[in-house]
Structure formats: C-alpha cells, structure tokens
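As written, the chains take the letters A, B, C, D, E and F, and residue 1 is the first residue of each chain.
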Amino acid sequence: MRILVVNVNTTQSITDSIGAQAARVASPGTEIVPLTPAFGAESVEGNYESYLAAVAVMEAVRAHPGPFDAVIQAGYGEHGREGLQELLDVPVVDITEAAASTAQFLGRRYSVVTTLDRTVPLIEERLHVAGLSARCASVRASGLAVLDLERDEKAAVDAIAEEALRAVRDDRAEVICLGCGGMAGLADVVVERTGVPVIDGVTAAVTIAESLVRLGLSTSKVRTYAPPRPKRIVNWPPAAG
Amino acid sequence: MRILVVNVNTTQSITDSIGAQAARVASPGTEIVPLTPAFGAESVEGNYESYLAAVAVMEAVRAHPGPFDAVIQAGYGEHGREGLQELLDVPVVDITEAAASTAQFLGRRYSVVTTLDRTVPLIEERLHVAGLSARCASVRASGLAVLDLERDEKAAVDAIAEEALRAVRDDRAEVICLGCGGMAGLADVVVERTGVPVIDGVTAAVTIAESLVRLGLSTSKVRTYAPPRPKRIVNWPPAAG
Amino acid sequence: MRILVVNVNTTQSITDSIGAQAARVASPGTEIVPLTPAFGAESVEGNYESYLAAVAVMEAVRAHPGPFDAVIQAGYGEHGREGLQELLDVPVVDITEAAASTAQFLGRRYSVVTTLDRTVPLIEERLHVAGLSARCASVRASGLAVLDLERDEKAAVDAIAEEALRAVRDDRAEVICLGCGGMAGLADVVVERTGVPVIDGVTAAVTIAESLVRLGLSTSKVRTYAPPRPKRIVNWPPAAG
Amino acid sequence: MRILVVNVNTTQSITDSIGAQAARVASPGTEIVPLTPAFGAESVEGNYESYLAAVAVMEAVRAHPGPFDAVIQAGYGEHGREGLQELLDVPVVDITEAAASTAQFLGRRYSVVTTLDRTVPLIEERLHVAGLSARCASVRASGLAVLDLERDEKAAVDAIAEEALRAVRDDRAEVICLGCGGMAGLADVVVERTGVPVIDGVTAAVTIAESLVRLGLSTSKVRTYAPPRPKRIVNWPPAAG
Amino acid sequence: MRILVVNVNTTQSITDSIGAQAARVASPGTEIVPLTPAFGAESVEGNYESYLAAVAVMEAVRAHPGPFDAVIQAGYGEHGREGLQELLDVPVVDITEAAASTAQFLGRRYSVVTTLDRTVPLIEERLHVAGLSARCASVRASGLAVLDLERDEKAAVDAIAEEALRAVRDDRAEVICLGCGGMAGLADVVVERTGVPVIDGVTAAVTIAESLVRLGLSTSKVRTYAPPRPKRIVNWPPAAG
Amino acid sequence: MRILVVNVNTTQSITDSIGAQAARVASPGTEIVPLTPAFGAESVEGNYESYLAAVAVMEAVRAHPGPFDAVIQAGYGEHGREGLQELLDVPVVDITEAAASTAQFLGRRYSVVTTLDRTVPLIEERLHVAGLSARCASVRASGLAVLDLERDEKAAVDAIAEEALRAVRDDRAEVICLGCGGMAGLADVVVERTGVPVIDGVTAAVTIAESLVRLGLSTSKVRTYAPPRPKRIVNWPPAAG
C-alpha cells in the first residue's frame, strides 16, 4: 500500500518531519510518500495562505504520477479536503479530522492545542464542517508560530504543554489533540504533564487511511464529492506550477 | 464610491450580466467595476472549482490597481470570502450571505433555490459558517447547470420557479433567495408564481456594501481576519496569472 | 422616502436623540420621522415594560396618518417586531437585528454591550428568535440604567467601554454592537479603546430600511406575518391612548 | 388554594369552558378563578393579537383584588408569560409549557396539534424560548380557527384527530399536546384514534401550579424575572381598561 | 394511590431518608413505598455502578407484588428509566428530570449541584437525553461522595451551598436543583445563601407522579417504550437476586 | 494482539458470525476472541434488554482471564460502553460509533439501516451521546427482527437494501452503516443497489481497535471513565452468572 502524505506548507524540513512521523507508525508493507506543494506559503497560518495551500495540495496530488492508495492532507485546520475528495477515487484523510475522530474513542471531550491564535477559528470551522465539534471542549493556542516550533523546541514544548494543562483543568478536556506537527518528543511531554492521552494527527491519519484501504472503502461519489463535471478550465494549472 | 464585483466564473458574459445587475441598483455616485478572474473554471460547480475560484478571485482583486471602497464576491456558496477579508482593509460582501441576511428581515424562514444538486452542500456549509442557517428552511436545486441558464432561459425560469414553489409549500419558506445569477426577469417570474419576496444576491450585496461604506465600517482585524503575517510565498502568483 | 423611527420609551429626549442619530446617516431624500409612544414606561428595562412598549409602538404606528415607506423599532431586545410586520405592508426593521446582521459582515463573532443585567436575557432571546445568535459571543451589561446614560455620560461611556474590552479580550468578540442608544460620542470611544468595529443599531437600521425600500422588498405575507384576520377587538385602542 | 386561570381571548364562553376544564382536575380545596381580559381580540390568532393579549392578561391579573396562590395563562403559544412572572410573587404557568413539560414524561417525542397554520410559528417560538423544543416532533395545524371549534365540534374533532394521526405516523410523535382548548370530548377521541397519550394544556397546568404551591416554590427573582424597577409609566393603564 | 420510590443505592439508610422526604410532600391518600435494590453498589457514583443499578432497580420493581400507580427512580443522573418505562404500564418519573422540569417553571436557567465531579457527565447526558439541557446553566460538583453527605452533614451543606452560590453568580443560574438526596435541612440552607428557589428531585418527582396519575396519563407504548417482545432470557434473574 | 469481541445477544450462532466477520479483516498477528454473555436476551431489541446486556457484557469481560489488548462491544445502539471504559485499561470500541466514525471519512452524510423500528431511538441516542449525530441523515428500520435475519436471509437483504436506497434518495445519505450484523453478503448487495459505500460496524471496529493499540492510546482516566471507586457491591455478580 502506498500513501501520499501531503504537507500544506512549502517548507521541505516540515515535509521531512511529517514523513518520518508517518513512517514510524505505518504498517509493514505500507510505503509513505511525503509531498511538498510547488507553490504557497512557507508556513500556513490563516485563510489566505490556507486557500492557496488547498489549491497547491490538489495540484501536487494531480501532478503525482501514481499509483497510490490513499492521500493524507497534513495540515491542521486547513481548507481543501473536499476538493481532493472530488478529484480522487482513493480515500482522503485530513489530519484535523483524524485526530478528533480518534480522540472521541478515548474520552468524553477533547481539546486541540495549536500554534497561533489566528488559526483557532480555522480549526473550529473544520471540526464543525466535519461534524466533530459536539465533543470538542476547546481549541487553544500556544501563541507560537509554526516556524518557531522548529527554532526553539524547548520553549515550544513548554508553551504547548501549558495550554494542554489548562484545557484539561479548565475546559474539562479528557484527551488532547496536537494541532501542530513536526516535533519528536512533544506528545510524550504533554502526556507526562497532563496525564491524558495525546494524539498526533499525522499518525492517527496513517492508521485511518490504512484501515479504509484494508476495508475496501473509499469516498462516496453520489453527491457532494462527485468528480468535477467536464468543462473548460482557463489558464490552469500554471506553467511552472 | 467604487465597488469591485468579482465573478467567480471565468465566463465574461456572466461577469457582464452580474455587472449590469449590480449597476441597476447602485446609488447615484456608486461606480460598479465588474471583474473576471484570470484563471479557473468557466462555471463553478463543486469544491475543486470553488477552491480554485477562491484563489483566483483573491488574485484578481490583488492585481486590481485600485482604489476601491468595497468588494463583492459574486458566487453562490463559494469558498474564499475569509481570505479576501484578510487581504483587504475595505468591506467584503459575499452574495450568499447578503441574500440570506436580507431575507431574514422579510420572513421567518427562507429557502435558497440554486442550479445543480451538487452545489447544495456548498451553499449549506457557507450559510452555516456565516451563522445564517438557523432560519434557512431548505436549499433546493433546479437541476440545471450554470451555463444552461444562459442557453434556455425559459426552461431555466420554469425549473427554478417550480422549486421555489415547493420551498414555499412544502418547506414553509416565506422568502426565496435566488442562488444563481444572470437572468433578467427571473425574480419577477418567481414572485408572480410564489407570492413571496424574492432576493437576488448581487443586488442585495450592493446595498449592503454601500451601507457599510456609508457607516464607515469595515472588517475587524483583531483576530480571524488579521492581515497575513509577512512570510515567504513560493512560486506565487503564477507568471501569467 | 419617509422612515418612521419609533422609540420604545416614552421619554421625548431619547426620541430626539434617536431621531438625530438616524438623520445623520440617512441618504439625501430620506425623511426621518421620530415617534414617541402615547403610553408606557419612561425607559424600558424588563419584560413587563417591553410587552407594554410592543403594544404602544404598534398603536403609535397605527395612529400615524402616513404615508411612510418603512418603520424602525428603536429599542434593544424588545418585544413586538412580529406584530408590526403583521400590521404593515412596508418593511419593519428592529435595531437589535439590524446591528447583529451588520456585525456579521465585519467579524466572525460579535458581542452586544447593553445597560442593565436584567435586559441581557431579553436581548439573547431576540437574537435567538431572529436566527442571529450563532455568532454572538456574549451579551454583556454595564450595570447602568437607560436614564443614567443621559445623566452622567462620562461614567456611562467608561462602563460601556470597559465591558466592550472584556468582550473582545475574554469572549473573543471581533465586533461590538451597542445595545443602548442616545449618546453622541459613545461609538468613537469604544472603537478607540477596543480597536474593533462598533455598531450603533439605529444607524444600521436606517441603511437596511433604505436598502429594502430601494430593492422593492417588503415583509412576506404568506404565513407568519399575514395580516390579522378580521375580527372583533374589544375595548381597544384606549380612548385617550 | 386559589388559582387564577386567565383566558387570552375576550370571548366569555371560552373562559367558561377553560374554567370548567380546570375545575374538573383541581384537587379538593383548590378554587379555580377564571378571568377574561378587559380588552383584546375575541380570539387570539397571530402576533398582533397575542401581544395585545399579553398586556391585557397582565392588566387583568393586576386588577384582580386577590389573594391568589398561582396564575395560569390559558393561551397556546402566546406572548406574555415573562411579564407576569416579573409582576407576581406567586408561580405563573403557561399552558403551552405545561403540556410540553408533561408530554416529556410520557414519550420520547411529542407533537402539538393546533388550529390555524399561522399560529404554528408562535407555538414553535414559545417552546423554543421555554427550552422545550428538543423533543418536539412537530407542530401541526388543523386549519380550523378558534371560533370554528365552538361552531362545529364534530368537524373540528375530525380535523384535529387527523393531524394527530399524521404526527404519530409521519413525525414519530409518541404523545400529542392539544394546542387548542374548550372541547369536552376532544382528548378522548384523539386517544382513541391514535393510541397515544393526549395532553390538554389547561389540566396539565392546574396540576403543575398546585404542585409548585405545595412544594413552596415560586419564580426566581434574581435576574430575568426581577420585579419592574420603580419608574414613571405614562397613560397606563387605560381609564376604562 | 401507591407510589414506589426506588433507591438506586443499596444502602438502606438512604432509602429511608428518600422515603421520608417523599412522604413529607405526598398528598393525603398517597402511600409512598420505598424500595432498596437487591444487588448493586452501596452508593452509585459512575457508569459501571449506574448500569448495574439500572438493572437492579428494574428487577426490584418487577419483584414487587404490586399493585402500584407510579414508580419514581430516585437516583440523580442514573441510567435505566427507559427500561422501566418499557416494563411498566404505570408512569415512571426520574428525579433528575423531575427537578429540571420543575426548575424550568421558576427561572430562565437552572444549575444542578451534585456530589463528585465524576457524576457530572452522567447528569449532563441524562438531561440531554431528556430534552432538558437547553436551559441548564451548569452541573457543578461539591467534591463530596454520597456517603460523605451522611457522615458530616455540616461540611456537606457548606460545600454544596458554596457551589450553588457560584452557579448563581458565575453561571447565571436562577434556580438550583440539588443533585443528591437525603439531607433534611439542605434545601433551606441553600435558599438562604443564594436567594434562589432550590429544588429537591424526590419531592418534585412525587408531585409529578401524582399529577400524571390524577390526569389519567401514562407512558406511550407506540414506539420507544413498547413492552419487550416475547423472547428467551437466559440465566436471568439471578437465583438469589 | 488479542481483541475480545463481545456479542450483546446470548445466541451463540450470532457470536460465531460476528467472530468470523472480525477475523476476516483482522491483521496478521491479531487474534479475535469472540465472547457470549452468560445471561440476557437471545436477541437485544429495546431498552430493558439493552441495559441487561450492558451489565452482562461487563461481567463477561471481567470474567475473562485475559490478557487482551482491546475490547469491541458488538451491538448496534446498545447501552454500556461507558461502563466498560471505566473497568478496563485497554481501549473499548463500540460498533455503532466505529461505523459512524468511519462513515464520516467517506461522505458528507450517512444513514444507519437497522432491524426493528423500536431500536431506532436507541441508535439515535447512542450517536448523539457519542457526538456523531451532526452528519447522520437518518436511522431507518427494515422492520425485520434480529433473528429474522438468520431465518430468511434473502428477504432480509431485500428489506435492508430497500431502506438503504430510500436513505440515499430521500434523506441524501452518501454512506450507509449496517446497523445489524451477521450476514455474509449483505454489504455487497447494498453497495450494488445503492452505489454508495456500505460499512459494517464489526469490521470497522476491528481496524479502529487495532489502530488505537498500534498508536499506544487508551481510554482517558482523568474524569468520566475513571476506575470505579473502591466500595461495597452487594450480591453481585450472581453466583452462576
């Protein structure tokens, strides 16, 4: 089985980190193929960048020669999953939804801890659209940008663990979803500090993608995710894109 | 006052029709500037095309030399409004939201009548995200594609009026929002057949954009729609785009 | 175009203040006609007084010789708008709904800051009935009564600006609706302190009423707001009322 | 114990019928005092008439010399209960809420069958405001006006039983609330036709009012239903009212 | 009239206390029959114990020779009421629902104050399933276990009154439901400290059960609570149970 | 890895069928251990039987000598999962939730098709409690009892496929969850007739249980699912049970 794991950011080191994380949990026989979009923001933190990433991810997947058995969109709270589902016959798994869906098997309420406050509304909307917000206790921000996570891992881990603790204590979360990727030891530290299960979206998505393939299930094509109708698309994709 | 009215489709005749509709209701002293995106689908009917349009609309507005006082995104149930709000200091009005917001002043429940069934979920999501779904009785599809509307106006009007009547009779709608643009006499026929107020999103959006400008109000920048952070955007916008 | 702006309180100075506010934003050619009810409380702050005002406003409008093109009910969180819509063929705009509806074009969540705590539930119910509560972050009270606003403007402005700041900081509001009328400089001070757009219901209602008239739209009469059936009304209206 | 049962209509024969219904279920030692408002519509069927009734009911209760131990507002889906709660120290029970509250002990979902379609939205709003709509399967109208019920009882019973049957069969109601008063045998016929429990609001309200008095409980006065503040009420109540 | 009041705990002193409370408010002519289950936890505080109690309560009622006119399940936030409703033809009243339903007649929002934090989710779920959560301001825990209530009444009363005060002040509750039984003076102290009506579920349930019997109403049998189908039940009930 | 799959019915042939289904999809190295409860109904179809099954399943798992790595509760819409989560340190997966959670990755809305109408409310409640009802289009019943499924497979498949088709056509479901187990070819026939993905809860649960174990995740113990407190349990478990 071959699974494309598509970063939403154009920073290669984040792609590498996501790919490594995915590979660690993949079953024997599953090949993880990390992908970086050809255009877009070095880190996605807001609606403009997220819409651009949505389109860039779709083009990256379309440009891939294949074959592949499933696609994971590795961005927390980003736009675009529905478009991928229209374009592809194989299952598409968004890491925001993978984490939340997994969390609901482990506790009555979960919280997401993410980077910047400005991404909180995006995550809330995605959980809502996905039908996964009823048991979401809160989405909290550590105040650190995506690229800060790579620069000072110690401070990042501290800030995130602190918000996770507040989610458990003040918002009654029983499970924490990490709304940001790329740090090796993050989950372990947060587990240690909070005493609750901590979910990383990328690894959760890998197990779900594998499960869907194993069960022979893929996206329903009868309505919302029917393939695009044949029509003229002007000036797209970009020549160099 | 100058208002950009941006089509989401790349078909110029639709832009012309939208522009004419907007101009008809604009106040004296308001200049309507219709815009067609440089890339994307000739007609937008689904998530892939809608995400592409979201980005194309943003680039069209960014490429416009200005100045302008407000922007109207003239697509029903499309993605992207949040991105425009991040990029701009002037008010942004989506026609889906303009129509629904206006409908709520006229009756207890409203329905939207649109083109293809596959666009129904997109419209439902946008109304939901906008906080305007509590009084939405239904979103109904006539089964006609966007370009069919231009080809056989008589059949299109009949199909749409028929669904509007069902919305009033079966779903208890008291107001109809037309979820498709570009036909001169459509609203009049639907009013005649159903006996309820009928709202065209483009004209509603023009009055709302003018009102916001007149009241000196624009998008809040404290959180969700704060300007994008300065960062490296790779390979974008496309050379010819 | 002539718009009746009906105060819910029987205090003439409040009517004057509301009328002046409305006139400031009205288009050239729009005549604002302020109206004071013939009976009721000097200031409306609770359900008993609000129900009485609902009836008094309806009688004030019925007693007006006309003609007029639209009616604005200028009370925050008050009962009665549905009754006016039954009685009239012209559009009716409630300032609570006008403010909230306008706020939703400017930010993801809005808060209302009002006078006494006891009026908070009334405002919450009205927003709920109007289908406008999904994006309401909070309704907060400054603790000052309506008539206090006129007595010590400086203290009133301070108290209201303080609650607005809490709404932005603690409740994540991105827009503030002023749930109380009659103070010239209030909006400016709150904008300055909070950095978010601030909406006055009366001026928002004027632009919406004008827009509805301009679009040729009025209340749907097919169900909820159908005219009262012909029947015997006993001992009403009161002789001197 | 003495309970005021206040009709919302000004038709004395309806008051008599409501009073008789209430008396039939009252405990030994409970005196039922039926009251007719001094002004308002002969039958209340819409918002204008309902707001007028709200005020008329409040004045009728204020004008009553007392003492009394509880008040029942005997109108289905009418405005005003909150005002009565502000004015009085004794418990206030609305028959719409009494019926729904009782229904929830008897089945998972209940429906209301009422008279005219135009009163459906009023009932829906009242159930919503009362926090009793989550298990409401539907509010259905028989199409008969209040006064028709008195004119042709046989036809009225048939029309209502028919809608009740539809509620059970199509909307999955397990209990029926009769949203209209005054007919002796109505409940029995509907029970017979549908096989589900049928609740009359007036009798349910009597048992609830008695229970509250027996438990020594009355309206909370700390916030929403605090007594009106002392202030000047102009030209009210009307001289002859 | 004879009403079974079934304790969910197997501690006889709690049964005695519940029985006494129920008897105090019962009408003349009503006989209260307190029942203790034959198996289960001495105090029920969590899902495992609550599911066990659900079954034990059902068996206790089935084992009772009868006749009886109504059954009260006297446990706060426990499982099982739906099963009793299937098994019996007489009305079944759960004290959690009885308290909340009564509270809604007395104030706009109510809070529940209970014992241990771990029972909060159970109570929240039961209110939700019962359609009574829309006006629930909060469910708060005092931190004391059920059996602590009997051991140090003074400390228990203090802890509960303190949480009730927080519910009124911070969560805007206007009524308090006591989510724990068995203390004579508890309600009085909480009323005194908070100034709001305080409801004991057992006494509320007695009046509701009596009312249902008086109105000739019982559980609807058309769907959710239809009697179990005839079938083979293996190894049940237990020999000694 | 060893996974207990616990039937809720006491019929051994159903346990065998569930076990076979689970084994078919289990990974190499996963051992499926099917379990039949020692007491309870031969088929569970209603609340009384479901509560009894909840307790019987818990006792069956407690009586198992172990070790095991996860537990699957194989009953659609049954009570009890929360109790198992309290008792165990390993993950617990309910098949109702497993199916719904999986469905949400495949389409915008899903429907459940089950056996008897009386089990519909139980399934709806479980989905609601699990936070998985927002995207549930409907729960439909074929009208066949659990044991009928084994008796006349052809008729059962027809009845279920027919309801699935209605769910897709009338309720706009894009995915079907089979709310009943034990038939080899059922899923294939429903896929063929409806053209949408069809999910069997048992196989979905196996992949989820395996995934949780692989990710090193288990039930959060900080609040709702904390282990029962040490206390006296009277007369339980039954001697022969």
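We adopt the following convention: a residue touches a chain if its C-beta (ideal position, glycine included) is under 8 Å from a C-beta of that chain, and two chains touch if they have at least 3 such contacts.
Here the structure is a predicted model, which means the values were calculated and not measured.
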If a chain touches chain C and chain F alike, it appears here: none
Message: By the touch criterion stated at the start, how many steps lie between chain C and chain E on the shortest route?
response: 2
Interface residue identity across copies chain A, chain B - same or different by half: same
Task: Could you work out which chain's C-alpha centre is the most distant one from the centre of chain A?
output: D
Message: Nearest whole angstrom, what separates the Cα centre of chain A from the Cα centre of chain D?
response: 53
- line: For the pair chain D and chain E, the C-alpha centroid-to-centroid distance in angstrom is 28
Query: Of all residues in chain D, which are in touch with two or more distinct other chains?
result: 108, 121, 223-225
Message: Going by the touch rule set out above, what shape does the chain contact graph take here: line, ring, star, complete or other?
response: ring
- prompt: Put in order round the ring, from chain B and then through chain C, what are the chains?
  reply: B, C, D, E, F, A
Field: Sites on chain E touched by chain D in the complex
entry: 25, 27, 91, 93, 97, 101-102, 104-108, 130-135, 168, 172, 174-175, 195-197, 199, 203-204, 207-208, 210-212, 214-215, 217-225
Query: For chain A, which residues are in contact with chain B within the complex?
result: 10, 38-43, 45-52, 54-55, 58, 79-80, 82-83, 85-87, 117-118, 121, 125, 128-129, 145, 223-226, 228-229, 231-236, 238-241
